[in-house]
Amino acid sequence: AAQDISEFRIGILGGENAQDRMNSNECLRAYTEEALGVPTKLFAPADYAGVIQGLVGGTLDMAWLGASAYASTYLQDPEAVEPVLVKINLDGSYGYHSIGFARKDSNITSLDDMEGKVFGFGDPNSTSGYLIPSIEIPTYKDGVTMESGAYFGEVKFTGGHEQTIVAVNNGDIDGGVTWADGQGDWEDGYNSGALRKAVDAGLVDMNDLVQIWKSKPIPEGPIVLRKSLPADVKAKMVALVDGMYEADKDCTYAISAGESLGFDPITHDAYVSIVEARKAKSQ
Amino acid sequence: MAMLDTNADLRAQTEQIFRRKRLITLAVPSLILAYLVYIFFSFDIAGLWQRADGRNAQILISDAYSYKTHVTRDNRTGAVSVAIEGEKKGRYPEGESPYWVDLGETTFVDLEGGHSVTFGPDLITYVNPDIGTSTFRVSRSQGVVADYPFPLDEMPEWINASKNRVAITTDAGRLTITRNRAEVFRYFTGWELFFFTLDSPYHGLGFGALLSRAVHGEAGAILSDFWNNPMWLHKEVAWAIFETVLMAFLGTFGAALVALPLAFFAARNFAPMMWVRMGARRFFDFFRGVDALIWTIILTRAFGLGPLTGALAILITDTGTFGKLFSEALENVDEKQIEGVQSTGARPAQRYRFGVLPQVTPVLLSQILYFLESNVRSATIIGAITGGGIGLMLTQAILTQKDWEEVTYYIVLIVLMVMLMDWLSGLIRARLIKGDEAGH
Amino acid sequence: MLTFEKLTKSFGTKTAVDAVSLTIDRPMMVGVIGRSGAGKSTLLRMMNRLAPATSGSFTFEGRDITELRGRDIRAWQSDCAMIFQQFNLVPRMDVVSNVLHGTLNRRSTLATLFNLFPKDDIYRAIDILERLGIAENAAKRAEALSGGQQQRVAIARALMQDPKIILADEPIASLDPMNAQIVMDALRRIHEEDGRMILCNLHTLDTARRYCDRVIGMRDGRVVFDGTPDQLTTGVARDIYGAEADFSEEATSTDISVLNTARRARLETAS
Amino acid sequence: MADLTHAHRPTTDLHQSYMALVGRRRLYSGIMLAIFVALMVSGFNLAASRNGGSFWGGLPNILDYPSEVVSEALSKASEIPGHIVTYFPALLETVNIAAVATLIGALFAVVLSLLSTRGMAAFPRLTGLFRRTMDVMRAVPEIVIALLLIFVLGGGPVPAMIAIAVHTAGALGKLFSEVNENASLKPVEGLQSVGASWSQRMLLGVVPQVAPNWLSYALLRLEINIRASAILGFVGAGGLGYELKVAIQWGQGKFDEAGAMFLMLFLTIVFFDQLSSHVRDRLTHGQRVKG
Amino acid sequence: MLTFEKLTKSFGTKTAVDAVSLTIDRPMMVGVIGRSGAGKSTLLRMMNRLAPATSGSFTFEGRDITELRGRDIRAWQSDCAMIFQQFNLVPRMDVVSNVLHGTLNRRSTLATLFNLFPKDDIYRAIDILERLGIAENAAKRAEALSGGQQQRVAIARALMQDPKIILADEPIASLDPMNAQIVMDALRRIHEEDGRMILCNLHTLDTARRYCDRVIGMRDGRVVFDGTPDQLTTGVARDIYGAEADFSEEATSTDISVLNTARRARLETAS
């Protein structure tokens, strides 16, 4: 019963100001408090690691993770959390892409031109900013590896999507990867994603950038719940978020950071390949 | 000795001394210089200078004291919206606009100095008083079709154009056109909406007007509108500052309480057994050597995210620091006082209470208060990594790289907070140590 | 009532107190003299059990003090007050609190840790201070007092212990002649009025002569003289101090009248 | 003797007034203690209520994370020497950042402190200004300056170096000027009387007096700065902190690397800590007159 | 060659030097006496431009010194050496370096900072030290010397400046009579051999009488006496010192023979 828990703690992530994130998710917090009848707290740590720690340590009850971060949590403790819902794009899919890009004036137009150049990942726990490109890029052609100093001159972590974009734009690194939904037009920075945010903020001009690589679709990260939560709490939360699109479109917009068709149920099976990929990386 | 020295001897001797002194005085700066040269190359400072991005510095500085208002036209629906900083929270209500924007079938945006932009039903026009009028037409298939008042091969560098996108940047503002939308910003000086957002009835009122309304019973509402300002988040910022100070306070004093008894085990005169002392010291070294930041990461697993974790991380590190400092203070105590108390037949606890504590309290207090101030700064950093507080808000604002005015606001607050703590701890130190507390 | 038997204390190879045997059979004021390093302080510190004896024993009213352990030592210490050359007060605490430290052994640890002394003790402390003529300083910090006043606070602390015996280790060595006299007068008066035994290390002969009933002379850890003040002739003093023939008693004097002539001369030299 | 002359004041009066004093003092210390305890307790409760997990609930799990790291590091123990070799250049960078920053910061601190010490200042009217400058330099956390500079200069050691140097200049400047205040002005005046310029007066008259204390503070600062430099690595300023962050964020699978770096960082900090306290002990030895 | 015109210095409402007018027309040894607070030091400090004058002027060889600014002040200071009561040497530096500081104004800042003093200067410094009889201490740190030796180092520094005028502010006040005599003898010898003008604050009459060619008496900032040592009678001295009738000259004397009696007495009191 909901009475078995004394409070409900939600971890939130994303490339926004911590306070902006808190504010966007305020409606979710209020709904949760109403639905469960216990005080609900939001936590917006600086990076994935904090949320993963919280989930594994059992001090967070719910979070919206990236696929890779979910895999990390699963690998550390398979019994810690279970995926319950995933965001559905406007076209009904639940995937996005990792986009490789470079500055136009560097004359790099594809991964072929990146040989010997500096390549940047984002956060090591990011699916599109590290995990998927680190596995898919080496399949681009023979001889491509992600070892620093092998195919690429140097491989770095910039710390996050925003930093990658700025670093490429500044010329600190020659190419990097970030995420985008892959819909809409390049010159707008696609319909949503880190590039679009940077364009909207006036940080970069898409005319200065070119796309050099695009991954296969990556499953959107799941909303997870702590496994040891009482069953009725889980059920209530799934119902709440699942029904959000019908109940409150503004709140859906706020928590999914853009236009979407709301959330649909999902299970661990959708992430098995990501977990395997991450496991391979951890050896 | 001296008597045998002839003047010539003395001269030779002194000269030699001076040669050595010269060598030393020259050697130290030379070594420093050599090290700096090594660093110059190893940190690639020359290369850095080339890579340094002046434009970023400019964005940072100009954004710190100014804001921009976006006028955006959705090219598919033709709808025009006006928003401060382009954010939803700063959006003007439907149909309203600032004085320099004329909404309508054709929207006219005045950029001052003769520059202007017009969003027509089909055409977008940009008027530059020096160059002339450029017009743009957007189509799904052809992209952005431009018509400039100059030949295409004389394209000025402030226009960045490609098939699907045109960006024009001038001092007056910036115009971007893509197939989906067209957008103009205009820069204004100041921190717009700092007090009230557009949806507040008090937005735009002068101080006098506000005061008179406040007197007429609206003070609460005015304060609440300011306090809950969704753009500047004063309430959250205040909480964050408080949380930061709270972490520092709990961490520092908690550490002092834990370290005080432990320090006795590390002081030569109180722990005669070598291995106890060494054990205690290595224990302190360990707590201090693993930085607060790493403790934060370790503790997050057990205690979750939040200020308590940050406070505990400070507590653990400072236990190490205080343990060392306190044990040094204890080693310097005056034995006479202890012996005096001991000679009356006092028990060990009483000996420490009356023979030792009154001596060390001023020293310890001053150290604790000094650390309180420096921990406020550490708490900012710890918060930035996981805990919360103003540090998190600040680093996030910096990392997302757009809200420089908020960054400025936070930095000013942090500097004020640290200076306030510095001043306060100085004040308490002076009071407690000089003032007659009679050692109780 | 008080017997030393071959009481010895060595520091490494150095024997500071060397097989001292003595008996003192009734409360009296005993002066111990001897030059620096003779072992006077060490003797007193062993008696108070601030330091353990190396061998030999020291019995008081039939009880072997050198045998005591733990809480018995502390109980003995509370019966045997000690006054130090440097006063050994807690300078940052007020005078009454310092005097109250004399009761620490009798009160519960917990109460004293929080400075909770019974009202009666406080009254008694003030009364003792009054008896010593420094009651008006009761609320001041000890460090704010002059040397003579501080030493009287130390005496008050000793009296507060209501001890059977008072040990004083050169109580007037850091005091000027004026204050020295006040302090010695106070000790003598306590001896006479309360009948307590007082053992007092002194480094000046005339003080010993003037105030003590019995004088013990030490040299290199051994007792080389034991007698009444009258028996303490200049010749004996030379033996005790191991002094050359040019030994002048004045050089160790603290008598005010002796000093005054010298002082007058000194004052003249200052502009 | 003097005793009886003081007896004019009735004892009961003294009793009463002292008891009143004691009562007042007990009250004050009681109130202070109560306020302190209340602040601590309510602060703790508040912090706990805003925290994800509770204090008592988390206490038993406190070793979870370290034991995970250690067990993984142990299971891959053979790789640790390799990691140490790999990451040694990063460690060197971290130490270099701290060393240069301390050096540059200390040089600025010397100038600032001399300019802001009464009796030595070249521009006595501006001492207040220099003092405030140091206060501000001290008050801005390094991480703020580092992040701003990373935005402008890009990642790497230089932003961290500048950030730490700024903070060091402010912090050491204050300590140095306290040392200066205790220095004797006599030699300075002596040099002034022969017509020495300001820099000659300072370098020949002040520096020889205060240099050991300055050096001692600078060494203490070096030790602090090594930590600071490691932390700044966490926000992308290069060095071992950056590598450690990448490993820690990845978590399981890289704990052996994290463990190796942990160990390196810890040993380095302890090494410099011991070195600096040893050297400082020798520098200030014999001068502890003030205590 | 040296003229004061209404030279005045005020600190807030307090006038330390009050409209002093004087002329000294040839190099001589001038003593300035007066009791503590009379303004002696302030007068010398104004002459050396360690402190600016409030009003009035002071000219040397026709040049108005009170008007100088910046580098001219420093040039003047190098012509006008100053010797202090507390020596004001750099204690942690060796003696020769301290003497070489006399050349600072003439050498480039950078060179001096790196200890690059010309060889000839070093030789001259040693010669001066030899002349003052302390050459064997050349390599020691200044702080390792006795007061009298330190004061002679200060004089050596002054001579190193090759000054036109030497100011000495109570050069013997922190010295014992023995060293005082050595220092005053040295100053007198410099005056006689080199013919330099010396202005010397003294607080003892007999020193002034014995060493000076002209004595100036100050009281409350004003010059109340100006004449030869012979004119300095006890009556005049009483005026200068504002002393009561019980004024005894001995009280301010530093003559060794006078002191010896008093000293002997004092030595006796110490044990």
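In this document, chain identifiers A, B, C, D and E correspond to the written order of the chains, with residue numbering beginning at 1 in each.
Keep in mind that, in the parts below, a contact is a pair of C-beta atoms (placed from the backbone, for glycine too) under 8 Å apart; a residue touches a chain by one contact, two chains touch by 3 or more.
Each chain and its UniProt protein: B, D = Phosphonate ABC transporter, permease protein PhnE; C, E = Phosphonate ABC transporter ATP-binding protein.
Just so it is clear, the structure is predicted and the values come from calculations on it, not from any experiment.
Colleague: What chains touch chain A and also chain D?
Modeller: Common contact partners of chain A and chain D, which must touch each of the two, are B.
Colleague: Ranked by contacting C-beta pairs, which pair of chains comes out on top?
Modeller: Top-ranked chain pair by contact count is B-D.
Colleague: Taking all protein C-alpha atoms shown, work out their mean, then name the chain whose own C-alpha mean is nearest to it.
Modeller: The most central chain, going by mean C-alpha position, is D.
Colleague: Could you please state the distance in Å, as a whole number, between where the Cα atoms of chain C are centred and where those of chain E are centred?
Modeller: Those two chain centres are 52 Å apart.
Colleague: As a quick test, compute the distance in whole Å between the mean CA positions of chain A and chain E.
Modeller: That gives a centre separation of 82 Å.
Colleague: Counting only Cα atoms for the centres, state how far chain D is from chain E in Å.
Modeller: Here the centre of chain E sits 46 Å away from the centre of chain D.
Colleague: What is the distance in Å between the mean C-alpha positions of chain B and chain E?
Modeller: 56
Colleague: On chain E, where are the residues touching two or more other chains?
Modeller: Within chain E, the residues that touch at least two other chains are 113.
Colleague: Going through chain D residue by residue, note those that touch at least 2 other chains and give them in order.
Modeller: In chain D, the residues touching two or more other chains are 29, 50-53, 58, 61, 64-65, 151, 154, 235, 248.
Colleague: Which positions in chain B are in touch with at least two other chains?
Modeller: In chain B, 51, 53, 56, 297, 300-306, 384-385, 388, 395, 399, 401, 438, 440 touch at least two other chains.
Colleague: Within the complex, which stretch of chain B touches chain E?
Modeller: Of all residues in chain B, those touching chain E are 1-3, 5, 7, 10-11, 13-15, 17-18, 21-22, 25-26.
Colleague: Please output the residues of chain A touching chain D within their complex, sorted ascending.
Modeller: 9, 41, 43, 47-49, 52-54, 57-60, 72, 75-76, 123-125, 156-159, 163, 166-167, 170, 172, 281-283
Colleague: Looking at the complex, which residues from chain E come into contact with chain B?
Modeller: Counting only chain E, the residues touching chain B are 94, 96-97, 113-117, 119, 122-123, 126-127, 130, 135-139.
Colleague: Given the complex with chain D, which residues does chain B contribute to the contact?
Modeller: 32, 35-36, 39, 42-45, 48, 51-53, 56-57, 60, 243, 246-247, 249-250, 253-254, 285-286, 288-291, 293-294, 297-309, 311-312, 332, 377, 380-381, 384-385, 388, 391, 394-395, 398-399, 401, 407, 411, 414-415, 418-419, 422, 438, 440
Colleague: Looking at the complex, which residues from chain D come into contact with chain C?
Modeller: Chain D reaches chain C through residues 1-7, 9, 11, 14-15, 17-19, 21-22, 26, 29.
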